[in-house]
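Got a structure here, written out as structure tokens. Questions coming.
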Amino acid sequence: MTNAEQEALGLVFERPTFLSKVFSEKTILNTISIVSVFVAWALLVHFRVYRFVLIPSPAEVLEYGRWWVGTKVFWIDTVMTTGRVLVGVGAAYLIGIPLGLMIGWRKVFSDLTFPTLEILRPIPAPAYLPIAILLLPTQELSVAFIPFIDAFFPVLLNTIVGVKLIDRDYFRAARCLGSSPKQIFWHVVLPGALPSISTGCAIGMGIGWMGAVVGEMITGKWGLGYRIWESYILIRYPLIIDGMIAIGILGFASSVLIRYLTIRLVPWRKAITESLDESITK
Amino acid sequence: MVTASQKSEVVFKHVAKVAYSKKSHTVILNNCSFTVEAGKLTVLIGPSGCGKTTVVNIIAGYERVDRGEVIMDGKPVVGPNWERLVMFQEMALFPWLTCYENVMFGPIARALPRKEAHSEALMLLDKVGLGEFCDKYPSQLSGGMQRRAELARALINKPKVMLMDEPFRGLDAMTRKLMQEYYLKLFEEVRATNVFVTSELEEAVILADNLLVMTNKPSKVRKVIDVDLPRPRNWSMATSKRYLEIKGEALELLHDEAVKASAASGKVDVDLTGLLRNVETG
Amino acid sequence: MSNNITVIESQFWRKFSRIVVNWSLARKILSLVIFILLWTILVQFIGYFHQIPTPKAVFLAIFELPVTLVLTNIALSFFRVLGGFFMGVLIGFPMGVAIGYSRILNRLIFPAFEMVRPIPPIAWIPMTVLFFINFESQAIFLTFYGAFFPIVYNTMGGISEVDIRLPRAAMSFGVGKRLMLWKVIMPAAMPQVFTGMKLAMGITWILVVAAEMLSNKGGMGYYVWYNHTVMDYPHVVLAMGIIGLCGAICSVGVGLVGNYFTRWQRIF
């Protein structure tokens, strides 16, 4: 609608003031939110409230952080941790997705494998560590096993749900057109489940990062998790927080990356979050 | 059955309503004026997206007008209350309450005498044919049954204006016909003021006392057609001369509006007589 | 004549359904059998895996369980899990409601949460050791932290995603702002709230086990690691199974409570 038309109709438009007020109110509140965390932190440490005397102040953390980022150790640690997570989560994708597709597609397969998986599912990932050490050749892989287990089940369950959510009509249409099972798999099952798979991948990456650090703290010489633990023992407390922040940033970045990739690879995806959450947390 | 106080009149005076989105705004209604006559069934019909639901929301009090006035019985409409109740397109029963509890919701919320409300609720549920389903949850009912339960929930409050926003949409043809007949019977018995929104022309004509044909956005009432078919109505009148006249008149107006709408959206338009219209693209 | 046909039909149907049921169930049992067989084969015939205990060894280890010790450890783990979980609910649920319902509170609190959330709970362990005096409070803080975010976020989601027509209809029926939250918004949000709680329960167990493995203050996580250090692997596997069972019981428990609050919902 052009300005001339607007005037002819006798309506005057400006962004209503209340909207602009809300807009800036939003940014103000958001900023207060973030800033107050640091302010509260600094104040608690400064006034030595309770045991905050032991905790480094934001300034110390920042200073230490600047130094740490310049060291070689930091980069080795980061690469190690990221590598372990990516290997673990990647393995979860590589095993979980095909498995989930088969389980969702064929009842026979589901009956044969699912009960075993359901028994294994409640076992928390860190509890696998001793077995992982026995099973896997290197200590590296054992540490990567924990993110693997953490990410495996969300990916698996989301994939299964994804297959089950495919409208049965697609299968019927494919059969009408004379498709072989192999074709159905590649052209109906896989693409149809992709939206859910991508959600599962995102969730898996998030949970995988949670488990990344566990193994490092318990065993290991390199990695951000280990570095945090070591900082505690060596009484280099600011580094603990720097490490925590580093892990947080990396985890956040990888989640963003996965979400971006899935949006690119699955443009037709629609938000189907409800049913997925329910089946994950059964 | 109806007291004088149940016959209410709603007047729209030069109403304008704008919808704001993040980047732009749309004028939905502009200079819209009409009267909903007391005790009559007024039907609003118009091209899709022309703001019929907005009109309903405004009368109900869920949205406020940017310009103009909405007057009910001489007093401006300021907010939602029991005097104007809406039946939405999709089920709006409270899913966590049983049928009976849903129907009792209004009286309980308004602290009306419980005993009378209880017997009235049971009577109404019987009347709409849900006597045995009082204790079922909405998720356990079929689409038609849910509609009827919503009707009962509204009717128990004896609203002054009943607002129906495409209430029979999505029902199969048979259920729809039955619901229309049922609704007609109900209206003709009670004769409260009703506003009915639909996009089905045949439904509109058979139900209406006054048929308001809306224009495109920015909408106003293009024409008020007085449907002077005799009451009580039934579907056999659909073949009468008068019905077909009215339907033809409305159809022509609607078609004109639809053509204008597609022209406005920048598509090249071919009208039914085969003349090509050059319109601005994009 | 027609009676005979119905009798024959129902016999056939009963036989047929028995067969159908049989197949599926049989395969499921077969699944477990295959799992145990594979396990035994891998361990006994592949030299590399010789340290992993056979199913038989694990089974026999049940009889050698130091019962009181295991029960104590189970109790300890449960205490830490439930302590943190309930704290998470008590603090997280109202918080989630608040930031789901009030736009201002949301803008004031949510960004801070979003900033802290990416830091995984495990990374907090050294910090908690520094800050809290004894292990119990450390563990409970950790589990609280782990349970907190799923509960808050899912509650917030549930509250803010309530179909707007429901509160509108309630307003028309005469529900005022005060009662709206209790009578309309919360019941509608319940399914999502319990989704968050189930998620939180799972995360809580992961954290407790991890924390116990890192310390020596008892609990099933510690028990797993202890058996690992003394190379008593049948007991390691047994301990894993026990932990899994406890976690499953907790999840089922939360699920049952959730089913009560969402009994109006039919999940197809």
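Which chain is which? They are A, B and C, in the order written, and residues in each are numbered from 1.
By definition in this document, contacts are C-beta pairs under 8 Å (C-beta built on N, C-alpha and C of every residue); 3 or more make two chains touch, one makes a residue touch a chain.
None of these values were measured; they are calculated from a predicted model.
Trainee: In the chain contact graph, what is the shortest path length, in steps, from chain B to chain C?
Mentor: 1
Trainee: For this structure, which two chains share the highest number of contact pairs?
Mentor: A-C
Trainee: As a quick test, compute the distance in whole Å between the mean CA positions of chain A and chain B.
Mentor: A distance of 46 Å separates the two centres.
Trainee: Would you mind pulling out the distance in Å between where the CA atoms of chain A average out and where those of chain C do?
Mentor: 18
Trainee: Which chain A residues reach two or more other chains?
Mentor: none
Trainee: Spell out, as numbers or ranges, the residues of chain B touching 2 or more other chains.
Mentor: none
Trainee: Quick check: in the complex, which residue numbers of chain C touch chain B?
Mentor: 163, 165-166, 168-175, 179, 184, 187-188, 190, 262-266
Trainee: What part of chain B is in contact with chain C in the complex they form?
Mentor: Residue positions touching the partner: 60-62, 79-82, 84-86, 88, 90, 92, 94-97, 105-106, 109-110, 137-140, 157.
Trainee: Mind listing the chain A positions that touch chain C in their complex?
Mentor: So the residues of chain A touching chain C come out as 25-26, 29-30, 32-34, 36-37, 51-52, 54-55, 107-108, 111-116, 119-131, 133-135, 150, 209-214, 217-218, 225, 228-229, 231-232, 237, 240-241, 243-245, 247-249, 251-252, 255, 274-275, 277-278, 280-282.
Trainee: Any idea which chain C residues touch chain A in the complex?
Mentor: Residue positions touching the partner: 24, 27-28, 30-32, 34-35, 49, 51-52, 104, 107-112, 115-116, 118-127, 129-133, 154, 191-192, 195, 198-199, 202-203, 205-206, 208-210, 213-214, 221, 224-225, 227-228, 233, 236-237, 239-241, 243-245, 247-248, 251, 255, 267.
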